[in-house]
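In the two complexes that follow, chain A is the common piece, with chain B as its partner first and chain C second.
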Partner chain A sequence: MSPEVRQASADQAEFLAALIEAGLLLESGVPGVYGHSDTFEEIRERLAERLSAEASSRGAERLRFPPVLPRRQLESSGYLASFPHLAGSVYSFEGDEADARVQADRAAAHEDWSEFQHPTELTMMPAACYPVYPAIARRGRLPAGGVFVDAGGAWVFRHEPSHDPMRRQIFHQHELVRIAEPDAVLEWRDEWANRGLELLRGFGLAAELDVANDPFFGRRGRMLARNQQAERLKLELLVPIAGPEPTACASFNHHRDHFGSNYGIELSDGSTAHTACLGFGHERIVLGLLRTHGFDPATWPAAVRAELWPDR
Partner chain B sequence: MSPEVRQASADQAEFLAALIEAGLLLESGVPGVYGHSDTFEEIRERLAERLSAEASSRGAERLRFPPVLPRRQLESSGYLASFPHLAGSVYSFEGDEADARVQADRAAAHEDWSEFQHPTELTMMPAACYPVYPAIARRGRLPAGGVFVDAGGAWVFRHEPSHDPMRRQIFHQHELVRIAEPDAVLEWRDEWANRGLELLRGFGLAAELDVANDPFFGRRGRMLARNQQAERLKLELLVPIAGPEPTACASFNHHRDHFGSNYGIELSDGSTAHTACLGFGHERIVLGLLRTHGFDPATWPAAVRAELWPDR
Partner chain C sequence: MSDHTITQIRNVLAQHGRLSTNVEALAPDDDLFAAGLSSHASVNVMLAIEDAFDIEFPDSMLTRSVFSSISAIADAVGQLQGEPAAG
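Moving on, here comes the complex of A and B:
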């Protein structure tokens, strides 16, 4: 079944309409896909700079990746077993000139033109940390102490159309990744969960840290979700923005040796690396700021402005 | 037919190997899809800032868009008639839990898992200016003098796998768009073609301005290309980087009333707007700089550094 478009709560719908009316978000015609105004991007970029500065001052190496992933890597990752409903894959034309004409005619009439579309070697990026692991694995054994990567605010795709402005099909996920000894990784994850909490509270957001689970698919997924909760593998920063539930604005994920084994990442002593990643949702945090402090950043509390515009 | 991977010339292959060896580009396993190092991104971001500053000082409004386009918009645009071989479309899973298990098993074995993948409402972004036109059309009649939009360095997709490092499947295209009266638009396009030429020469690149054509598909495409050339609708900045031909690093495109009619964009007097767009290829310009001045920006000529790092 094609996914239903999730309806928004009354206050979510009102918030989205106000964002569009103010020009902060630009409608595309597809729910969960929006353009950004200059003001929206100015806030988002300041947030990205702040997160990268926090990482850089603690030794992070900056790497950047495009919004697509090799199909082979998605296949090997196990993502399709857990999140088949969220994954996107990239198709392209195969055919001759006559086929191209038929395809163009059908498309112009908004009819089905899938006949000549075939899978490419690429899929949409499911999570911003995915390309980090093979890139680090390719370097060979890690230096003592492991590595810390800032993968920046990268575009990621989730096929979950919704009229809730906090639920995007495509958004910037700012990922920080740690690859190291088991204890060091867990300690780093917990330290950053608390740093993230302080950071969001410093922005004047009513953030709370909680144990969480991923939106695994189906009945088997409900069991995976319970295990993930019980083992505290995923922590989230929740912020009330609009709607009956608070919105997850950041997550802090402990993978144990899942990616280390999958990609053959070795510590300096040859043992398998553990990994953890943090993901800050740029758009959700910007929406939290706009909802909490108003649509004009010039009128935000001085303490909040000082956090995001330290040089003004 | 599935596209063959284009082979690189000897010097292109050597350049790509050196970029990977130096860590400036990170291999993904798919030709034309790479990650970027901190140094690569630092140069790219300085270039983006410089282009946006040139636009902003001349009154451009900054808007930003994601790397996907509504399928309906691609269908209406005529893109599939001209460039079916370059377009990408986004597919996603439809099915129940049993289907999901079959799909996951096939994917894990690197077998064909296309059975349960169906077209979504989205395609890959073919050109960074595409979302600008409907966003401006939605505002109603334009103010006198029209509009000037800086759409920034947005990710665009072209399905043309190649071992030439200058030919990416996904890259940052920095688009500036002018929507106004016919004379104003043509004048703006030509003025920016000369500004772009000066800018690239100021970076120490041996750029030349030439009349060009798009890579239209098939036999009909060759006729379209000849017409485009004869009417000087497309200008390009060509820079020798590697390979037998210079590389197009920027293009300056006059659309006449194509997008204005298509999206119903009206000037202040109610007549149909003309449009033009400029696209600077971030990665190609960065590669031109690295090839011309060496892999360490600290050792670049002072005059080039002053253009990109004016505050140092």
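Moving on, here comes the complex of A and C:
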């Protein structure tokens, strides 16, 4: 059964059509999955460099991971309890030659061939910070002061097909992760929320910082969302791109000891580490820049160009 | 609220609350979040309370304050069972 595709507002539909017409986005035939033009990638890569430079000048260590997660890790993370509707799993063929022929024939006729597909050891990457926690846990007790990781602009997957160009099924989420003492983690999260706000405003975007919640599933999700709001665990940078609602372009998340206890990450004194992560949505920020300043970066205000192309 | 209700709530908290404090040592009005109840654990407590009392919390009651103490949970259970809230 096909999932429901979220409809776009008139403003969003018009923006998407203009991006495709201009060749900035390349259609795949699936809502929320697009290729990028040379111009789009030039802006996105400059943004990624800028974010990584901000992190590295403050002591971040670069780690990079492929866009798939070991299934075991997704299973033990609690993701399927909170976000069953967004998760994607990698399935692959199991069978004999006769099965393969039937599968190929059904696929060629666009009929259901799922009975030959079985779960692999992999799932799609739900959030770019997920592989960071077990990797750090494996090192043993943290050094004094904890760690700061730049996980880069990694591909992440959310199964939420939509005709809104800001809502992708697969996109680059640039995550920075802090794992340390409780006070240091909260301070870092709040400091970066303000740094992110200044950064986006420096790009000429009308960004605002607000308290937010994750799109948790179902009734338990409504309670989790209210708890998250009440405890200010999630902050977002909202930018008006294509109405009616502003778009969340970055989020700043405080996990308390959720990942620290899940993966057994210990501070130098043996107590459980706290974690926070922040994620900048590359594509959403690029779309914000294109909508605000126009489709040709050569004509953007000099101050904005200087932020992204400081060497020109 | 009856002693039996309180005992059942304590049992649910012991099984699902993952508190840093011994449940038996908590007074009815003690703050459960201060006693180590996490957001995820509070949701599991909510679901287990529904099972234990055969009730369903309406959306308006799926809040942090309803699960903030043993007596707050007992009040909510009482309301849903049509009993007087205080007692």
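The rule is short, and it goes like this: the second predicted complex is superposed on the first by the 310 of 312 C-alpha atoms of A that agree within 3 Å, B and C clash if a C-alpha of one lies under 4 Å from a C-alpha of the other, contacts with A are read in each partner's own complex, and residues count from 1 in each chain.
Rule of thumb we're sticking to: a contact is a pair of C-beta atoms (placed from the backbone, for glycine too) under 8 Å apart; a residue touches a chain by one contact, two chains touch by 3 or more.
Small disclaimer: the values here were computed from a predicted structure and weren't measured.
In the overlay built on the shared chain, the residue A:Gln169 is in contact with chain B alone; chain C does not reach it.
By the touch criterion stated above, A:Thr292 is placed in contact with neither chain B nor chain C. In the overlay built on the shared chain, the residue A:Ser9 is in contact with neither chain B nor chain C. With both complexes superposed, B is the one of chain B and chain C in contact with more chain A residues.
Residue contacts after overlaying the shared chain place A:Glu97 against chain B, while chain C stays out of touching range. After overlaying the two complexes on the shared chain, residue contacts for A:Ser52 are found with neither chain B nor chain C. Using the contact criterion defined above for the overlaid structures, shared-chain residue A:Arg219 touches chain B and also reaches chain C. Within the superposed three-chain model, A:Thr272 lies out of touch with both chain B and chain C [touch as defined at top]. When the two complexes are overlaid on their common chain A, residue A:Glu231 makes contact with chain C while staying clear of chain B. In the superposition on the C-alpha atoms of chain A, the part of chain A touched by chain B in one complex and by chain C in the other spans residues 78, 219-220. Residues of chain B touching chain A in their complex: 1-2, 26-30, 33-38, 40-41, 61-70, 72-76, 78, 80-81, 84-85, 87-97, 100-101, 103-104, 107-108, 110, 112-114, 116-122, 124, 131, 134-135, 138, 155, 157, 159, 161, 169-171, 217-220.
The part of chain A that touches chain C in the complex is made up of residues 78, 219-220, 222-224, 226-228, 230-231, 233, 256, 258. Residue ranges of chain C in contact with chain A, taken from their complex: 38-40, 42-43, 46-47, 59, 62-64.
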